[in-house]
Structures are given as structure tokens and as C-alpha cells.
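Structures are listed in the sections that come next.
Paired with chain B in one complex and with chain C in the other, chain A is shared by the two complexes that follow.
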Partner chain A sequence: MKKMITTDNLTELWARLAEESTLYLPVQDGPMVLFQPWQEGVQVDLEAFNSAVSPKDIFLPREETYLNYRCSGQALELDAVEDDRAITAFGIHPCDLKAIEMLDRVFIEQDPPDNLYQKRRENTTVVALSCTNPDPFCFCGVFDVNPLDAPGADVMAHLVDGSLHLEARTEKGKALLEKAGDLLEDSTVDIAKREVKTADFGLNVKGLPEDLKSRFEDPVWDELYKSCLSCGVCTYVCPTCYCFDVEDYGHEAKGERFRCWDSCMFGHFTQMAGGHNPRPSRKERVRQRFMHKLQYYHEAYGEIACVGCGRCLRSCPVNLDIVQAIKALGGEKVEQR
Partner chain B sequence: MSNANPLMPQMATILDIIAETPEIKTLRVSGKDGLPFDFMPGQCAMLSVLPVGEAIFSITSSPTCRDCLEFSIKKTGKVSNSLHSLEPGQQIGIRGPYGNGFPVEEMKGKDLLFIGGGIGLAPLRSLIGYCFANRDHYGQIDIVYGARSPADMIRKSEVKETWAGQPNTKVHLTVDAEFPDWKGHVGFVPTYVTELAFTPENKVAITCGPPIMIKFVLQALDKLGFAPEQVITTLEMRMKCGVGKCGRCNLGPVYVCKDGPVFSLAELNELPGEY
Partner chain C sequence: MAERNLEQLEKIREVVSQDLLSGRIELLLGWEKGHYWWQSRPLFARSKDDLAKLTWDSFCAVNLSRYLLEELKDHQKVGVLVKGCDSRAFNRLLQDNMVERDRVVLYGLPCPGILDYKLLAAEAGPELKGIAEENGKIVLKTASGEVEVKRDQFLMAKCRECLYPDPVVYDQMLLEPQGKKEAPERFKAVDELETLTPEERFAYWEKELSRCLRCYACRQACPYCSCRECFVEQENPRWQGRAYQPSENFLFHLVRAYHGAGRCIDCGECQRACPVDIPLQELNRKLIKDINELYGDYEAGLDAELEPPLLTYRPDDPAAFSEK
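== the complex of A and B ==
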């Protein structure tokens, strides 16, 4: 089912989708583009570079309360809080959807499934948007990402000559297009003819995960971490980072328990009661982050946990991004002379 | 609902609290109808005190004890301090069981050498109780247990009377320094293990205690000729989820909460030593 909608009609489409679901899309918010819920008057930007923070928070919110408690005397009452919203994620780039599929392996496929995440994922219709104008920081060419196609999308969208071309790929996708039937026309544009140039910054990661298996004590780690400020921004913006914390908020009579994003870059992350810390300095923490992306995740799931979205390059205040790490570890193309 | 939220605790009640030492209490906890869940020795559970938080503790009772779970808890952090302040009858949250547990099947037919230090006896006690309940499956049992002082020993009467009275079982106690009322052995656990000169033939050594004790016990066992495959220990790490997702307890690609906390020394030798 290939359809198109003129950009003039998009606001009507969004208003309609937002009636029945929480509709997240790339919104201009001050100097940044972020995935936010649609409401009338927001400035949606479908031509923007990758959002400042990845859209992972649609499924793994920065914070979410999952239980309410009440105490009275010695009695305790625990009530689960569930999120049953229908969600539409609109304008997700193929790299970001691939990253979400990497989170799916941890939160859905790896037993036991995390039902908070799984439910949101199941209740979401994903409208992926092809990316023809990669950010100067993007390097998805290194990884198995096609910026023009997101295989896991419910609807694959392409912005061409002032119209949004929509192809439903799943039943959920078809249902979404049916809701907007009167706003759509048949599409005749040949999407296959489009081209996009992706960067690889001279990286070659072939064999790197296997190689790193024996390089936990490599001298590279003694140098690489030195500029790190432990600010954690890399983990917050990263689409494949998913570490979380669990905390309580409330008083003796009532309150809630929530989980929120956490960062392996923070010293207290692994600090145990009594003071012992298995990752006591920035060296161990920087090593943990890059080894997780490049080796541990690969060992568990057969793929490097990076999609080349460029966010850590854009955000790290000291340029200690994954491209620098891969280069320091020898993941560069050998120059042809 | 497709699945239950794995982070959601169930209700439990503290039946009884036993003061073991000035710093350690044993909590007896039951679910709505008896045990909140089935488990194997070496597995752990998350205990919640609202709104203080949640922390992971090894289950110290044997799975053959069917009326409650027991946790021997040292006052160390926020949650353990708060658990120490509770009274019997208090309701708390519990979820679990987590982790792999001890390899009770592979240990069948072997002699067992337990080496515990201080609160490190807690996870071993679950396995010791299990082995006594299935006494025919295991050979000679030696239990070496040490503490800083006689007052720092937990489960004293159980160790000295119940365990020492089991068939084909020896209990070897030691304290770090001389004490007026102490007639037993004096000295650190690793040195005592060397003095007792255990032989490695057909034996599995299971050890838990403070990191420094474990380090020297491993050296002592190595000198006595124990192969890394014959030595088993259980690790503790900071944990938030217990199900291999929150990201803090990994040793390389292995998560202590779900792939551990029990590892053989041979397995640990293959992993980054980040514990």
C-alpha cells in the first residue's frame, strides 16, 4: 500500500493520530530538535538532522513510576502502575529504529521480558522516515544501516518534493493509513531511485569485537579515559545505552517507586554499600562503556551496539566519542597506497 | 497483561528477627502463603523497604525449610540499616529468586569443603542445609568458619551443635585474635585452611567471605593442589534490577545477577576481574 500526503495536510493527519494515541515526532524545542508529544502549534521538523537525544525515551522513558505504595502501621500496600497508552512514533530515522531493535533484544528477547518496555513497544505504531541528508557527525556507513529504509517500520515514509510518501509494511501500518484515507492519494514516485551518501570516517570495525575479547588490559585504556569528565552526556544521548536506576520517592505513609536513566560514567553507578567500587576510576568506566558497545553486546547478540547516529560526537565536550575510541583501538581502514 | 513487571515486588511479612552479632540480624520472612517463591541454594532476593529502597541479599535458609526465607543481613548501607530497624510483623516487598545458585547436581558424590568468613557464611548456609537434607548425595563435609571475634560469629548454636553433629562432618572454627572466652583455634581463615592441609581429591571447595579473605583462600587452595574447576565462590555487586538489564553488575558480557552470583574459579579466570 503506497500512498502520499501533501505537507499541507500533515497537520490534519497528526491531529487525527493524536486523538487516538500519544503521537511523538521531531519537534523544534529552543535550539534543539527532540521527539515530543504532538500538540497543536508545535513546530514539527521532518527535515531535521538526528534529534539531540535519541527517541529511545518513547519506550524507555527518562523516568517512569511503576508502583505506588501506602504504609499504615506495619501494613504495606503495593500497587502496580501500568502504561496502556496507544503510541505513534512518527519520523524515526532508520538508524534510531535499528538502535531500538537492539534495545528490544535486552528488554524483550532476553528473559524475563521487561513488560513496561514491551507493552509500549507493542502498543506503538512506528512511522520511520528515510534520511537523505545525514548530519555531518553521522557515520552509519560503518554499520548495517540503510538510511533510506528501516526494515522494522510499520510505515516507511519518504519526504519527496513537498509530499510525504507512505508505505505500510505491517497490519498496524495499514490501519494507520486507513485512518487517514481521505487525506491520502496514491503514490507513483519511485523511491528506489533516491540516493544518499553516508560517511564512515575511515573506520573499519570488521574483526574488532573478536579482537577486543583479549584486550581488557590493553594499554589503550590507560590513556583513552584521561580527557573524560564523567558528565554522562554520551550515555544520555546514545540510542543504544539503556542502563537504569531504581529509586523511591515519598514519605512513610505513601509514595512511589520509579526507574530512571542512569549512566555507567558515574562513579556511584557501581558503588556498593560499605564503599567498595568495582569500577573505581574513569578508566574502568570509560572501558566499560566502549567494551560494552564494541565487545560485550556483540558477544551476546552478534552485533556492535552502535548505529553511527553521531550524537556522542555532537555532544561530548572533550571529543571522547566512539569514533575516537574505535580509532584508538585500531578499527581503521588500512590506507591503500 | 502479557507478562508481570519483573521489577514489581510482592508482599512479604517479617515473622521474626534474630540478633546474631552487634552488626548482623537474621530476618525470617514469609509470603502470603508460606514461601514467596521456590529457589535453590545460592540464589538471591531483592528486599524493599519503602521509601528507603531495594537491595539484593543472598537467601541463607535452605530450600528444604518450607515455612519462610531467612536473610542474615549486616548493617552496611541504607536498606540494610533500615531492615535492622524493623520489628516482627512489618510488611516489606520481596522479589526473586535471582541468579544461578550453586551447582548442586555437579557436586553430587563429591566431598565438600566449605570456607566462610564473617557474613560470608550466609550464602553457604543455604547450601550446607541443603546438603544435610540430602546427606546421601554428598561425601565428607568440612566446614571452616572464621570471624573477627567469637561475638562476630553468626548462627553459633546451629554451627557448633547441629552442623558438627551431622554424620561424616567436621566443623573447624577460628577467630582472628585471642579472646578470654575462646578455647578454639586462633588465626586467619586462609592460614587455617593451609594448616588443616585439605587434599583436593574428589573434593569441591566452596568459599565466601570478605574480598581479602577470598583472595588468600584462593591462593591457599591453589597451593594445596585444588584445580580452578574445583573451587566455587559467590560474588556480590551493586544491583538494581536483578534480571540482567540495569547494567551495573557485569563482568565483561556476564551479568552477576543472572549468570552468577556463583562462579567456579575457572569461570572467573576467563572474565575481567572487575569485582
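== the complex of A and C ==
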């Protein structure tokens, strides 16, 4: 069913959705737009490109406690933490939804699956939003993402002429539109007529993953890392990075075990007990990150782990982004490998 | 396209390529163009071919001095292009005994201030195709025509209150110096924060720091953060927890700011590097202001011979905490 809602009615829609679920959407926070839970009075920006940090933290929070422990003498009590919230993820762009589907393979399509992630994902209704006006950092087309359509969405939304056009694609999506009920009108706009352009930097990544298989010792790696500052910006804004660390918070008698984001760009990421570090310098770390994106993930799941969201192009303080890496590795249309 | 000053660039290239070819330096740290006309990124040049990529335009924001920490491990002698702030960063590293003066050749570039693409695009819209510059004016080129605007309004936050655009330490000044600048609003934000109650200030910083991803870009871009091991990574004792709690965010940023007291050169690289735009320079400037009020005016990085106030002791130093 194809429906539309005028932007004047959106606040009412969000208020309704937020009654029954935690509603995440792109919210203006100080100078930038981030995915945050809706509350009355927040400034939602559906036209923003792209949220400064990817919405992956809806499913893989920066930090989450998964176990509470209590110790008394020899007795140990463990309580697993459950997250049963219903969630609505509103305004997810096609690139970010594709990235979340890449995380699904890592966290759900495993034995055993990661039940915290899985539950959150199952309890979520995704309202994907096509791209009206991508910014100069967007290059999703290189990775076959269609900025006008997100195949995995429960509801596909399009912002056209001051109205939001909604199409339910799944049962969850239909249920969401039913809640919106009287706020909706029938939509007659032909979405197919729209056209959106994104950058491609002359990239051609076909064959690159296979090619990289034998290029672990390639001299490219001796140069590419030089400007890297060893900060974690690229990994933390990236929608397909998913590494985390586990730590305890508390003391012997009582506390919690939590996991939180970690970054392969940090020196201590691979620091082992006893002091050995298999990735001792920036070179090994930069190689790891780009090989993971362009080769290891592809080898495991058949796709390059980049969706062209452009966040590393925008945020890397020294512009050592994935486009530079792909170019250095020969992934260009003109160049012959 | 961003218009490069080709005459200046040729002059720079001529000097550094001579030094690279003669062996005076083994490596030159400079800038090259990134994917966009508004990005210039670090260049590590070892040959004449490398130098063909060299650029000098209004987007050479990255402080190159910090790369000396790594590059001096692999090279005997390194040349660096330094703007005013980069040269003060070099003095900072020198004072911390992190670099050897005689293994570095500094080429001075008086800096007109770095432009901020975000501000340019906000003015011209996303259709901004490029800019041209002339006599303190910028021409914004868009699909629908050209607009002339004043350059000062489009400087990066870190450059707006710059006092020393000219390098303060160098072996060779490559371009015409422009003299000290005025920065009347340098402490404006700090003054405003000081009028808040402690509770209001706490709420302000709690909100700003709530965005912190703890990616440590501020630290990694900073010329005063040159410790071989940061307290953040120390395992025993463990000072810094990994949790994204307000208390942990405060711990990191406040310890870092206090560590920079009297050592921060106010280059603003921390704030520029921050992916979530936390106003870190306000924290650092609060410390600069306090140090100036307590110990007399001191500009970190200006003179490597002048000891930072907190690294010296004088019997008449104020003891604000013990005075009632």
C-alpha cells in the first residue's frame, strides 16, 4: 500500500510511534545530525546527509551491559541482561541499511548468534528513507547501493515536495502504517521518476578482493599508512565496522560486564598479555582495516564491506579514507592492474 | 577547483626540491590535494616526482610537525613546511625533548588562515564548484554564477583567533611574513562560560561531551599529546575505563586539558579533528586564560627557551588553592 503524510503531521506520527517503541531518527544535536531517540521538542532533520555517526549503534550500541554479577563468599550470581524494547528506526538511508545487513551476517548468521543484537534487530521496524540530495561525500553507486531504494526496509519512505511517501514492504511495515492510520492519505506520486547522482571517483572495485588476496606484502602498504594518526575516527563513524571489547565495571562483590566499541586503529587493540603485539605499527593496522573491508569480509560473505556512505571521507582528519586506499590499490576505472 | 597561488607554490617547490636533491633533507613533509578541491592532505615526498604533487593553498590545515615523531625514526634529516601554528607545535615537541632541532629543516610559510568547506558550502549551497581568491576576498563559484564574499568569515574555527600566522621558528622563510594579528575574541567563549553557575557549566559540558566517541582523534592530532604511553592506555593502574559514561568522558577530556595547561599552543587541531565537533578549544583556552592570570602572560610554543609556567617554580608563585 502506498501512502503519504504531510510533514506537518510527522510530529504526531513520531509521538505515536514513540509511545509503543523506542524511536530513533536523525536529530540535530548541536552542530550535527545523529540518530537519537525521539523526544518531544527534538529537531528532526530528514534531509541531512549523512548522520555524522552511522546508525549502527541502534543495534550495536557504543556500550551495553550484558551481565550483572554478584559475589558473596563462594556464591556467584549471574543475571543476563535482556533488551526487549520494541524499536523503530526511522529515516535510515539505503547505504546504512545495507551496512546493517552486513552486520547481520556477522552477528546473526552465526552459530550461536549474538542474541542481544539478534533480538534488537527482530524487535525493530525499519523505515528506510531514499536520498533526496546526497552530499559530495556520497559514493554508494560504486558498491551497487541504490540511493532511491532499500530492499531490506519494512517501510520505504521518500521525501517528495514536502510530503513523506510511505510504502509498507513487510508485515511489520503494514502494522506501522496502521498505527499512523488517520494521518495518512493515499499517495499518487510516481517515485520511479526521481533521479539521484552520487560521486564515483572513477573507482572500479570489480576483481579487487580477489586481487588483494595475494597482496598482503604489497609495497602499497609501506606508503599508504604514513599519514594515519592512529585515531579511531574512521572505525567509529563507519557503518560496517563492528569490533568491540569486553570489560567489567564494578568490584569483586558486585558489578557488570559490558561490551563497547573498539577500533583496530588503536595500538592496544591487538596488545596481548605479556606484551607482544602482532600489529605493532600503523602500517599493520591500516592494512588490517582496508584488507578487512576489501578482502577478508568479501572472502567470508561475498561482498566488500563498504557502502559508500562517505563518512570516512568527511571525518578523517588527514583524509586517509577508503577512496584513497582503493585508488592506491589500483581500483580505478582507467588503470590496468 | 581551489585556486592555488602558483607563484608561491613554484617558489616553495624550487627550494625544497633543491634540498631534497642535494641530500640536505631525505624527506619533505608537505601537502598534496585530496579528492576534493577543499581538502589538502599530508604528502611524504622523497623524490622530484613526489614533489610534483605538492600543494600550498587555503586548505592545508593538517599540522605536519607531529609526523616528525614517527618520521625521525626512519630518516636522519627531515624537512617540514610549517605554518605559524605548526612552527609553535614544533617548539612544543622540542621543549618536550621529542625531536632534535638539528635533524629538522623548517621551511616557514606565513599562513593566511585555513578555509572551512562547511562554511563555504553553507553560504553557497551544495552546488559550490570551487573558489578563487584575491586580496582578502573569495569568489564562490556555483552553477548559477559567482558570489564575492569576505575571506575572514570563512576561516576554520581554529584560525579565527590566530595571533601568530607567521612561523616563529624556521630555517628558511619561504614567503613574505605578515606580522602578528589581533585576536580580540580569543577568550570570548570562555568568558561566557565563566558567567554560568557551576551546575550550568557542568550541564553544558555533559551535553557537549555526550557526543564523544572516544576515538582519541583530538589526542592523536595534538602536538602536546606526544607521550609515548598515554594514561588512557595504561593497564596498571587502569585510569581510564572504556565505558561511554559521562564520568569517563569527563575524565579523559579534563585530564588531557590539564596535561596541556601551559603547554597547549592553541592550534585547534583537536577541535578540527573531532568528528562530532566538541568545542575542545574552549577547554584549552580556559586553561590558557587561567595560566595567564595566575603566572603572567605566556604563549606556549612561541619561544622554546622559555619554560612553561607549570614546569618551573618560583617562590612567589601564587598558591591559589591554599590561599583563603
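Note that in this section the second predicted complex is superposed on the first by the 334 of 337 C-alpha atoms of A that agree within 3 Å, B and C clash if a C-alpha of one lies under 4 Å from a C-alpha of the other, contacts with A are read in each partner's own complex, and residues count from 1 in each chain.
In this section, a contact is a pair of C-beta atoms (placed from the backbone, for glycine too) under 8 Å apart; a residue touches a chain by one contact, two chains touch by 3 or more.
As the structure is a prediction and not an experimental result, all values here were calculated from the model.
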Once chain A from each complex is brought into register, does chain C clash with chain B or fit beside it? fit
Per the contact definition in the header, classify A:Leu34: touching chain B only (first), chain C only (second), both, or neither. second
With both complexes superposed on chain A, which partner does A:Asp245 reach: first (chain B), second (chain C), both or neither? both
Could you say whether A:Lys226 touches chain B, chain C, both of them, or neither, answering first, second, both or neither? second
Classify the contacts of A:Lys197 with the two partner chains as first (chain B alone), second (chain C alone), both, or neither. neither
Touching A:Asn133 in the superposition: chain B (first), chain C (second), both, neither? second
How many Å separate the nearest C-alpha atoms of chain B and chain C in the overlaid structures? 9
Touching both chain C and chain B, counted on chain A across the two superposed complexes: 245, 247, 249, 262
Chain C contact footprint on chain A (complex, rising order): 29-32, 34, 52-53, 62-63, 133, 135-136, 201, 223, 226-227, 229-233, 235-237, 245, 247, 249, 258, 260-263, 266-268, 282, 313, 315, 317-321, 323-324
Listed in rising order, chain B residues that touch chain A in their complex are 1-11, 48, 50-55, 76-80, 87, 89-93, 211, 236-238, 240-241, 243-250, 252-253, 272, 274-275
Residue positions on chain C within touch of chain A in the complex are 34-36, 39, 41-42, 44, 62, 66-67, 70, 126, 207-208, 211, 213-217, 219-221, 233, 241-245, 269, 272-273, 275-277
Per the contact definition, I'd like the list of chain A residues that touch chain B in the complex. 66-67, 69, 71, 74-76, 78, 80, 82, 106-107, 110, 112-116, 118-119, 122, 216, 242-252, 255, 257, 259, 262, 264, 269-274, 276, 278-279, 284, 288, 291-292, 295-297, 299-300
